[in-house]
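Several structures are given next for inspection.
Look for subunit A in each of the two complexes below; its partner is subunit B in the first and subunit C in the second.
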Partner chain A sequence: MADPHKPVSPPSPEAPNPDTDAYAHEAELEAHLQTKRMYVNMGPSHPATHGTVRLKVELEGENIAEIDCEIGFLHRGFQKSCENVTWTQCLPYTDRLNYVSAMMNNFGFLNAVEKLIGLEIPERAQYIRVIGSELHRIHDHLTCVAATGMELGGFAPFLFGVEARELIMDRVAELTGARLTTNFGRIGGMNRDLPEGWSEKVIKSLDKVMSLVDEMDGLLTRNRIFVDRTKDTGIISAEDAIDYGWTGPCLRACGIDYDVRKAKPYWVYDRMDFDVPIGEKGDNYDRYLMRIEEMKQSDRIIRQALKQIPAGPIILDDWRIALPPKPEVYGTIEGVISHFKLVMEGVQVPAGEVYDATEAANGELGWYMVSDGSGRPYKVHVRAPGYPILSAVPHIIKGKLLADLIPTFDTINMIGGEVEQ
Partner chain B sequence: MKRTLTMLFWFGVMFAHFVGIMALAYALGGLVEGVLPGGSRLTNLAILMVAVVMGIASLLTVAERKWSSLMQNRIGPNRARINLPILKDSALVGIPHFLADGMKMLFKEDFLPATANKLLYNLGPMLAFAPVFALYAVVPSGPTVQVFGHTVDMVVATPDFGLLYVFAIASLAVYGTSLAGWSSNNKFALLGGVRAASQMISYEVALGLSLVGLMMAFSTVQLPAFVGNVTNELGLGNAATGQARYLWEGKIGGFDIGLPAWGFLLQPLGFFLFFAAAFAETKRAPFDTPEGESEIIGYFVEYSGMKFGLFMISEFVEIVVLSGLIVVLFFGGYHLPFGGEWLSNLALMREHGWLYGTILGTVFWAKVMFFVWLQLAIRWTFPRFRYDQIQSLGWKILLPIGLFNVFATGALVLWDPSLRALAVFGLLQIGLLIALTTSSALKSEEGHGGHGHGHDAHGHDAHGHGLPAHGHAAHADTHSGAHSGAAAASH
Partner chain C sequence: MSTFALDRVTAQFPEAVAERYLDRTGGAWAVIHAEHLPKVAAFLKNELDFKLFTSIDAVDRLHLAENDPRFEVVYFVYSLSRHEHVRFKVRVSEARPELPSIVSVFRGADWWERFVWDFYGIRFSGHPDLRRVLLYEEFQGHPLRKDYALRDRQPLIPERPIKDIFRGPGTSGVS
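Coming up: the complex of A and B.
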């Protein structure tokens, strides 16, 4: 349509004369109001963007006409950094990928390296990894649910979630020595055993955590406003989710039954009795329910693992892989040499490449690694589960209301650290 | 236990203040009336609006944080302290915080965005604050009594158009917010301003309609007439009027007891509509989309210092004013639910009118504080509505119910002018509401174990799980059809 503000000139003699004809401008009356699109930058620092992501939103009224997610504000050069350090020294970098569930990154990385070397770690170490992973899965889901509650305006569930997280962090600190950046485990096993009396403390904390989860559940799940905000918003079909490469609870919310722990069990997950919740619609509400239910399942897994965990070594007794015990280092020449070579040159990983994946809190955490046979990685690529999920946000939210962006962005649980690496 | 005792102590302090302020207001009103007839209205303005409403509103900033901390297992504000020797450096339950906040806001830079429209930008906070503050002028906070031989009433203004003044002034507040959103030349603020304008204008309709039934029942629009007076108040021999009237009454000795004609009993639907609509007018959660701090940050995003403070404090003033209006319109104003006649005819009360006024004034503020508390509890319980959900609630639910209420009330008032039929209808509504609430609560408990996400069904070892691998495979076949809930767990 021509610019309505511009007078048509010169007026043609056939055109109806508005002075005499009341219906002369009828077409203009029926025409839609000309609106201008509004460009809004949400982020990089915005209350609803966890981490730093910039959403360039083009608004038509309150509807999102176009949206572009721009990442990279948190880019720290993870892959390149890994190439310059030994395999063991990569471990602290993996903490900073998904900083809400650092242990899962640690163990996923270690699992891939061990697969590349061809190691089978001791059973006790496998149990410890399962326990640590599930603790951090609860931790991650708590963060997601709590943040969803807060950003939809319910501050109480957020604080319940934070209180529960605090309990888990206390236990994690006792286990690993750090609250957030755990740097836990070593190639070939674990660097520390479970502390004395830790299991009982975990059970006690889990009781409290699950009661807090129930409280959040009670505040949100049947809350009419919360259901209205999340149900039928942010829908993605199962086909689209697969096309985008979704995994984890977000994919399962669409009704696809895929969980690496069940599909390709690693460590001792095949001995655990747990269920994988499946959603139906793939909307925000289902993704939220997945989180709540998975926390309950993780709670079951931890309780079983703590019951079943056998005694025994926690790391391989192979001085080419694991550091020798301190008396050996100080007392024997072989010990000193192995220690020196491991620290200075790193674990000698045979040349080759590997892809390995574990089920992290947000989905399949995949590692593609290439070794040239030296002590340092030739290439470490991490397939962060949040990356494909974030890439589907424009597809989900285009044409929807601006207010729907908030729960959608919350329930996909994009973690800046792993997406932007 | 210590927490409970502390709370009780501060409740005591609060009521002592109310008693003191009301006694002062009556005494001062009596004195001024002797010098300047009609001057008690001015002292009411100073005491009720400036001291009490502003005082409560500024203390509410602390009360809200304290109450939310109690709801959320936190300690709450306790850092601002005044180190006086007698106080032993105690936190005074956080009360010094409102002083600290006020100081902070006054000393902050008064920032003006370079591209903002200066006049409108400065006008915004004033226009947001002044109307809500002015609303309180028509709310009667205590009975009319004789003090030092002069008639003193506890209200600033009694215009003939009473409630219409409330509607008119309440709708002015929208200018402040939308101007603030527009003039600060910020897209987020503009979105907030537009949301605020549309929300407040659409809820005006439901707000007005919700009170029509009440106006018909009491056939007045004047707020003091809604409150009314008890039979033979202070021995003046009047008949009972307004909400102080009993629908059914009995006497135990000299003590009168019965079912008062409170607006809540006559108009429960009207009450809920008014409460919801007025809550939406205050723009607080769950109706806080104009602010929506996680989406668009709010119409006042560009404001700093005391200009922002005015927006914030106007919300709290609105809470107090709204509670006052609810009490006056629906909960008998300053009257006791029963025993009012007995109290007003005690020899002591007849002799000392100010004492009667002080007692009833304290009753009024106690009721107001209950509704203030209720609003805080609601604000900290619910998540935020979506913008279009607020609109559909207002236009598709509140408006039709309001219309129905008007017709039902009109018919019942015509049929039975004594209002007893209306009261029976109201009681039925309340009963229905309680029944619905409890039944849905029961249903949700059952439903929780049955479907939904079905966690109760397999939380126990006794349930007999199959082998994990087998159970998992079996699930893949069944999950599409078998689960009725939104999400279900496999076996």
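Coming up: the complex of A and C.
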């Protein structure tokens, strides 16, 4: 408090009078609000996190200062479950890894087991696997693109995407008997052949699906809002992407040409004429474009495969590997014994280990398996493509806007089931 | 399958390689001594262009014929120029389950090492943030070890008792 007895010294002529003079410096004109860091929990149950991921975000204004990803809400003990059932019984568990493209997981798993046993599956089965995989690749990319469109404010592309998805699901249901959890294929080939008249239906459906994809493409690719939200956001450099172990369309968006289908062709991919789209910048927009283009390439592959598919057996005729035909089971003692042994004990996979990979919708789906020579796996390691991709999200998004997190999370297409096993 | 990378590693660091073999599918493997692991990883990445980090996992060899040391940690790295994987493993004993971390070489190893710690209880010294990744911090034990009971459930929130529904894989009630 000022002393009232002290004489007030007259203001010196140089000092500005706060009441009369405009003395504030330019910089002082801005009101300095104290910024306080804010903690935001996105998820585990958040519409934009698709699965159940908890993103602990520390915000400074609108910028993300710190981010931590907490995963595991969807953990089901995939590996432990597989170690306690027969090789064939693992197959339904693989459906639930990437539940948007279940067939690719089925076939990837089977491919690794067949490699461990040392089997060459019949040609027709290889074609069916290619067709099924590519159908589900379109299905997976449709889901990703549609959801990205929806979360960035466009509901119409989402509806187009879902309509197209529905068409594919109908064909998948005719082929496998289930819409999502396909449980398709068996060790040594396929469990059922293409249904009567299915190929024509697929061609017709693909025509429709591709026109819907074009529709989505037209609505999104040059949409001002969509481009503003995705272009130059969520950028990762090619070196970082490789270092983190990215694969699939997300790695190719950075300009790296790596596709397992081309690098190490499996099944009949070497007979297919298709291109692998490569991006430049590694931003969200490029990742989106990769998916649009890959759908068109998958469409090409399916049409070629349906044209080329030969007649013939769909599964090996070896009763130690594949179930005998039903008339043999009911009519002969050998058939009954083989059937019983396969169901109760499982396929006897020779002791050994293998690492094998196929190209799933989001990248390299790797399997490392150890067999102790019994009918059950000793160890099943799955290298889910989404796992390393998700692990790089904190690196990408740190220091960027919170609004960029949504398209980034969309375009990396993290699938809870495979990441959290 | 090519043994190029492992040949070069053996030539460069003969003391680091304990064993070389081919698995039954022709894949080339090397068993690396734990203390030389970061050196080998850096050599693979910087000199031999094996840059794309694929994955890490472990195997608990408790029930296998050869089970000493108990754990094997397996590493897969891919070369984009040579189009091949290199596979190598490190053996870890149960008494001292610890390995040097390779996060400083490959950032992609970060979550995989956390995974191995989470499910096998193998520590990675030098890892910047070795927490559990899929399970919660309160979880007791490491579930992918073979001596962890299949039906040992540790819910954070008590589960509703359901007697007549059979949960999970395996035969009858006992694991």
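The working rule: the second predicted complex is superposed on the first by the 387 of 421 C-alpha atoms of A that agree within 3 Å, B and C clash if a C-alpha of one lies under 4 Å from a C-alpha of the other, contacts with A are read in each partner's own complex, and residues count from 1 in each chain.
Heads up, the rule we're going with is that contacts are C-beta pairs under 8 Å (C-beta built on N, C-alpha and C of every residue); 3 or more make two chains touch, one makes a residue touch a chain.
Computed from a prediction, not measured in an experiment: that's the story for all the values here.
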Quick one: is A:372 in contact with subunit B, with subunit C, with both, or with neither? Answer first, second, both or neither. second
Determine, under the contact definition given at the top, whether A:114 touches first (subunit B), second (subunit C), both, or neither. neither
In the overlaid three-chain picture, which partner chain does A:123 touch, first (subunit B) or second (subunit C), both, or neither? neither
Where does A:134 make contact in the superposed view: on subunit B (first), on subunit C (second), on both, or on neither? neither
So in the superposed three-chain picture, is A:420 touching just subunit B, just subunit C, both, or none of them (first/second/both/neither)? second
Kindly classify A:95 by the partners it touches after superposition: subunit B alone (first), subunit C alone (second), both, or neither? neither
Under the stated touch criterion, which partner chain does A:403 make contact with: subunit B (first), subunit C (second), both, or neither? first
According to the stated criteria, A:354 is in contact with first (subunit B), second (subunit C), both, or neither; which is it? second
State whether subunit B or subunit C is in contact with more residues of subunit A in the superposed arrangement. B
Which subunit A residues are contacted by subunit C in one complex and by subunit B in the other? none
Give the list of subunit A residues in touch with subunit B in this complex. 38-40, 47-48, 59, 62, 149-156, 159-160, 163, 219-223, 225-226, 228-229, 231, 253, 255, 257, 262, 270, 272-281, 285-286, 289-290, 292-293, 296-297, 300, 401-406
In the complex, go through subunit C and note every residue touching subunit A. 23-25, 27, 51-55, 57, 59-60, 63-64, 74, 76, 78, 80, 83, 85, 87, 106-108, 110-112, 119, 132-136, 143-144, 148, 150, 168-170, 175
Within their complex, state which residues of subunit A touch subunit C. 71-72, 75, 77, 79-81, 84-85, 89, 115-116, 118, 240, 242-245, 247, 256, 258, 263-264, 350, 352-357, 364, 366, 368, 370, 372, 378-379, 381, 383, 387-388, 391-392, 395, 420-421
Which part of subunit B faces subunit A closely enough to touch in the complex? 68, 71-74, 187-188, 190-191, 285-286, 288-289, 292-297, 380-389, 444, 452-453, 455, 458-459, 465, 468-469, 471-472, 475-476, 479-480, 483, 486-491
